[in-house]
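Chain nomenclature is as follows: A, B, C and D, assigned in order of appearance, with residue numbering initiated at 1 for each chain independently.
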Amino acid sequence: MTITPPALSVFEALESEVRSYCRGWPAVFDRAQGSHMYDEDGHTYLDFFAGAGSLNYGHNNPVLKRALIDYIERDGVTHGLDMSTTAKRAFLESFQNNVLRPRDLPYKVMFPGPTGTNAVESALKLARKVKGREAIVSFTNAFHGMSLGSLAVTGNAFKRAGAGIPLVHGTPMPFDNYFDGTVPDFLWFERLLEDQGSGLNKPAAVIVETVQGEGGINVARPEWLRALAELCERQDMLLIVDDIQMGCGRTGAFFSFEEAGITPDIVTVSKSISGYGLPMSLCLFKPELDIWEPGEHNGTFRGNNPAFVTAAATLDTYWSDGQMEKQTLARGEQVEQALRAICDEEQSGAHFRGRGLVWGLEFEDKDRATAVCRRAFELGLLVESSGPESEVVKLLPALTISPEELDEGLRTLARAVRETA
Amino acid sequence: MTITPPALSVFEALESEVRSYCRGWPAVFDRAQGSHMYDEDGHTYLDFFAGAGSLNYGHNNPVLKRALIDYIERDGVTHGLDMSTTAKRAFLESFQNNVLRPRDLPYKVMFPGPTGTNAVESALKLARKVKGREAIVSFTNAFHGMSLGSLAVTGNAFKRAGAGIPLVHGTPMPFDNYFDGTVPDFLWFERLLEDQGSGLNKPAAVIVETVQGEGGINVARPEWLRALAELCERQDMLLIVDDIQMGCGRTGAFFSFEEAGITPDIVTVSKSISGYGLPMSLCLFKPELDIWEPGEHNGTFRGNNPAFVTAAATLDTYWSDGQMEKQTLARGEQVEQALRAICDEEQSGAHFRGRGLVWGLEFEDKDRATAVCRRAFELGLLVESSGPESEVVKLLPALTISPEELDEGLRTLARAVRETA
Amino acid sequence: MTITPPALSVFEALESEVRSYCRGWPAVFDRAQGSHMYDEDGHTYLDFFAGAGSLNYGHNNPVLKRALIDYIERDGVTHGLDMSTTAKRAFLESFQNNVLRPRDLPYKVMFPGPTGTNAVESALKLARKVKGREAIVSFTNAFHGMSLGSLAVTGNAFKRAGAGIPLVHGTPMPFDNYFDGTVPDFLWFERLLEDQGSGLNKPAAVIVETVQGEGGINVARPEWLRALAELCERQDMLLIVDDIQMGCGRTGAFFSFEEAGITPDIVTVSKSISGYGLPMSLCLFKPELDIWEPGEHNGTFRGNNPAFVTAAATLDTYWSDGQMEKQTLARGEQVEQALRAICDEEQSGAHFRGRGLVWGLEFEDKDRATAVCRRAFELGLLVESSGPESEVVKLLPALTISPEELDEGLRTLARAVRETA
Amino acid sequence: MTITPPALSVFEALESEVRSYCRGWPAVFDRAQGSHMYDEDGHTYLDFFAGAGSLNYGHNNPVLKRALIDYIERDGVTHGLDMSTTAKRAFLESFQNNVLRPRDLPYKVMFPGPTGTNAVESALKLARKVKGREAIVSFTNAFHGMSLGSLAVTGNAFKRAGAGIPLVHGTPMPFDNYFDGTVPDFLWFERLLEDQGSGLNKPAAVIVETVQGEGGINVARPEWLRALAELCERQDMLLIVDDIQMGCGRTGAFFSFEEAGITPDIVTVSKSISGYGLPMSLCLFKPELDIWEPGEHNGTFRGNNPAFVTAAATLDTYWSDGQMEKQTLARGEQVEQALRAICDEEQSGAHFRGRGLVWGLEFEDKDRATAVCRRAFELGLLVESSGPESEVVKLLPALTISPEELDEGLRTLARAVRETA
């Protein structure tokens, strides 16, 4: 496939220099369906990025599309602030029946605004209010969002510098396996908590991703997560799992923390919760934490009702039984085999890691991942790098991808790896 | 009309106590069209709130609805991160042709995430980066959002307390007419800036709303805004106009600052920019400020393409000429006359103020506004209070409301005022 | 008198560039007695600066000197941390008998470390602990010290910039007469406090100097101080009077706030409290505020016992009756007359203000004050400038200065003014 | 010896509850000489605390006393702000000749105010100014002072809570041997610095004590200090050694870092620098860091000239050759032997550690150290506990203590240990 760089004039002339993905993928996309995107010049791309995890059910999934169009057609409420609506009720009931009740999760549901960072901001606010303490512990290479509260618990130095003010009240701790297993888990963290002379401000909460997506696909072991949950309980800190990228089935189960058998105090959900790529997020928390006053946190778009409609349809369609989880794990094995083959073949050093349908392929040559992604794009595969130095190729295919599509993409990836060696 | 409180069970059982509007308007809304909302029990409500200013063109506006459904039907890209898409291009071109070029505005366009607070966060980040200073000046009774950066420049003490950390780097200055004209404009602010011993950290920027919506419909005079712009230039501070609620034609012109003849350095736009109530926001700034690095600020839903589609349709439909502005001003006069009559009639003291189609009716008895809104709801009119003590009835009808609808609503309002005397 | 610049080699070679007074007074001082200092080249200087208010009883006052040498000779405890010592007891008893009891002041006494900024830091800590709030209100052109807590409530932009971090939790309000009487007192401050939407974080305390020394000899009127005290009580804020420079009789009465008839919640005292120029400070507060835990604030030199000895001798000698106060007021009148004459004579604009024995002479030509001080030095008079632009000549003679010495100095000052016209 | 609790009435009635040492040592001290203190009831105490390290040359050392009285007698300048004085020159010359030049140390000398915390505040300010960054790294169980800047880098949770505001811009790292040697030095710290995704704000400087006194007599190994210095250089961070308690010969050499062979960028000195227990402190830094503007940091008592006089006499008397260092090391061996004997004898677990003449005796039973100190006091020995849980008996005898006095004190200590078993 030959890509002719499109005439990007209005983008270059008018859009801010902050734009990013459009630089690595210099096409003008027009349509999308399932695991494929189509640009205006007729090229087709297989999507292994899935809207950074926002499109777990593929682009414009027909089941959800039908529900969405029906709702729009019949003039269902579009913008509802936090009014009660029939669409919100349907979502809440579906969420309760398909997600919370079967997992015996006791959570209250907050609609904090439609983006992930809104959810994180509300989670941090609530934790601080409940505990009456300011400090939050996050982990190395964490990513939680770009507004100031979320950015303060995000690791990336380049993003942090963008704040323009010193980011405070957050302290990083080593994520699982940060020292390749040479240091016992939580050695440093627990010692700081127990030592009254350590200088660590006692945290209100710990915020963690079970798999760090932006941070380079770093996978926390279930036993590490369990130990973290126990540490939080022992030390009177709330445990916040940021499941924005890894929830909604990305790792197999609906919530990524299910495998570890823990029940976080607070959970943030966004990205794929609407199923259709529409802005929506949730902040879930144990009922005893629901000490919010009415309106203490608000936001104009926290009632994005079309998203509630597709979200309910998604849950009813994909989460009323265990099929989706099984299929994701099966697809994950397919990815794992392919990555193993790539790494076995690769001369100069490559490693892979992942869970469910989130996988990372890391190269010892740090610039390689970017080269692989670039070549993959030329070959018609959308795949992105992640990690503090963009050293990891990140695989986030839709959960609904077919085995054949997955195979095709993995073969293209292997080729891109070979051709950039 | 008799309202039977609906069975709110799932809302009460599952939704967080933070929910707010649903308490004052205890109905379950199902459909909406133009200036009317319909609940599931068959009641009809005339909407004088318009999604807190997000529905300037009414609910489910048929022109936009057609464009939206067409786009969804043809599998246009829904979730596009910040990739270039045909929908984004169409929006950018429409925004340039209908908005920027006719007004001779030089702005670059940033998509900072789809909510207002994302836009404000990006504006504050950029101002701090450009000027290398942390401090921001905001105004008494300002409202800019709920994430930590925006909250720090928001006035409301109750919302601020929700942060759970001390909010710093912001200093409030008196908004226009804060002292009823007894103190010269900017006396205090300018003196602090000029006095090297004042103790004010030199601000990177000033952020202002031309009309404070949440703050109680406080209207800044054009001459005050001009003096503020001159002060900013003289003192090397950037001027940020937060036009999230007052932009998109709410005050008549597309941008609320046009009447004053100023060109802010940075402008935030959200709420009605998509026209259809879909989450979308913009941060506009002068090209010389566009010093962002690629990806320095990002966000999952900054490419909400269905919103781009309705936004472009909105601009093409309503902003290709001066009709909308004229109509809004005419409707505004209709409101003004009705409010004058109410205030003339009111015994115990009421005042009104506003511009375009944003009006406030303030009662000397501070509890009255809430009572009026409650009674109005019973009478089938959706209207909300604002101001630090909820002492102002806020009128935000759709710009597309018909004179008859407007008249009906104003009569209902008058009745609610009378019946709560 | 001709001054030969001394060989400053070791000062220039070894001492940091931060050194300051030695630049304006390029002499190497050797001895001092009463109101005179003597340099190593045999020149004599009349001292109108008195150690920035630390030498209210003159240099090496013979009464105090006798007590000090006796104490050292007999091996009295020198360094006592916060152990109980006979010297501390003698001071406490003298302070109670001569200062607190006659004024009916209920204060507990804290020894927070021997410098003014230690006292201010402890006062701010205590206020925050008592009220459970972080914010402090200070005034334009305030000076409270150089450690981070004190610096955050200090006005001078140059000093603030030295912090190297953004100074937060402090908000400046206009000092008395900041707008030349055109704005009612506390209009802005009280409005911010009463308006729940103002954006001002509710302060734990207000810190004020009754006369701003470093700020340019700005004198608060008694009625302004009373109104401030009432505002603090009404709004549940603690009132801290920083009496470090203006206490110990500088304005006439022992405490500078006595004239206003107020009883601050917290008072900081330092500079002249030891009487002999030895480092010592106090933090005084109402007994109900004494919620410190043992050792919650500490410091190595908070038990500087030689200073306790001279402090007790000072109080016994000068403050057992009202003589000192009367004498200071009389000397003040002498200064006032001379300054009036200077201002009457001065063509290009000069103003004076002051109380007791602290006076300021301000020139409309901002560079003039520095020139006057330089010329005065050449003429054998030590006098310094103050104010945000060093535009005020500050007169702080010892309270023990004789009428003749005072007259001589005032005549020298007048000559310096004339000769710099 | 039987101690009758003295009538503490004025202390209890008037002095704040914050008082601390006077509670553990309920005597009223009157006189002191060498290693002995005398209370007003005629009891004699052998002092193993030495003013928390401020009296390295004993109480009222006769050589220094003579110099001090001579200076006072001849009316030498007492309070000199930062004017050049003959006393300051003599100190600077003595410091250069006896301390800096023989050690080939290039430092400029700053007089930042007379207490340790003033010195630390100025060191932190300078580091931030030089590097343009806010963050500082300190170590677990560090103690640097009580004003807000210093407190933010101090470990003790109880002291930190006293701030009343969240302490920010500081991050603790593990001090030497924090994990009993099981974790490689700086593993965590260096990894955070190298990882661009770690979330650590890049520090301007690292502040460290070579032996943590308040923290429990934790001794850093020379190789650890060298590795720290190298890390700082490699990572472009300034190294600040806080030598306030451990400098002035406490560990043998004049500076405690000499043994490690490192040259810190900034050094803070206080406590025993005056030799006589008079308030004085220094901030030393490499000449290229001397970017202070004149007066950018100041303070009323930074020119405590009597302290300069005793300081110069101290240096001339004790530091013109290597005798003092040798003697300290010899006395240290005497202490070490005695502590080894105590620990050998102790059944329930005791450990000791130290360098020069600073030693700690830690008990596994955490309450024991306090009991030992109490019993020692009854037996006429002044000794204090330290460590985050006051679990360590801290030995800080004067460097001038005689072998016989030292032996007597160590025997009393052994008895107190036995009698509290």
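In the analysis below, contacts are C-beta pairs under 8 Å (C-beta built on N, C-alpha and C of every residue); 3 or more make two chains touch, one makes a residue touch a chain.
Since the structure is predicted, the reported quantities are computational estimates derived from the model, not experimental observations.
Compared on C-beta pairs in contact, C-D and B-D come out with C-D as the pair having more. Over half of the residue numbers found at the chain A and chain B interface occur in both copies, marking it as a same-residue contact. In terms of their C-alpha centroids, the spacing between chain B and chain C amounts to 50 Å. With each centre defined as the average position of its C-alpha atoms, the distance from chain C to chain D rounds to 30 Å. Averaged C-alpha coordinates give centres for chain B and chain D that are 58 Å from one another. Multi-chain contact residues, meaning those touching two or more other chains, occur in chain B at positions 134, 158, 165-166, 169. If you check the complex, the residues on chain C that touch chain A are 165-166. Against chain D, the residues of chain C that register as touching in their complex are 6, 8, 10-11, 14-23, 25-33, 37, 40, 51-52, 54-55, 59-60, 65, 68-69, 72-86, 88-89, 92-93, 95-96, 108-111, 113-118, 121-122, 124-129, 134, 145-150, 152, 158-159, 161-166, 169, 204, 244, 270-271, 276-279, 283, 285, 290-301, 304, 306. On chain A, the positions that touch chain D within their shared complex are 134-135, 138-142, 153-158, 160, 166-172, 174, 178-179, 183, 187-188, 191-192, 195-202, 215-216, 387-389.
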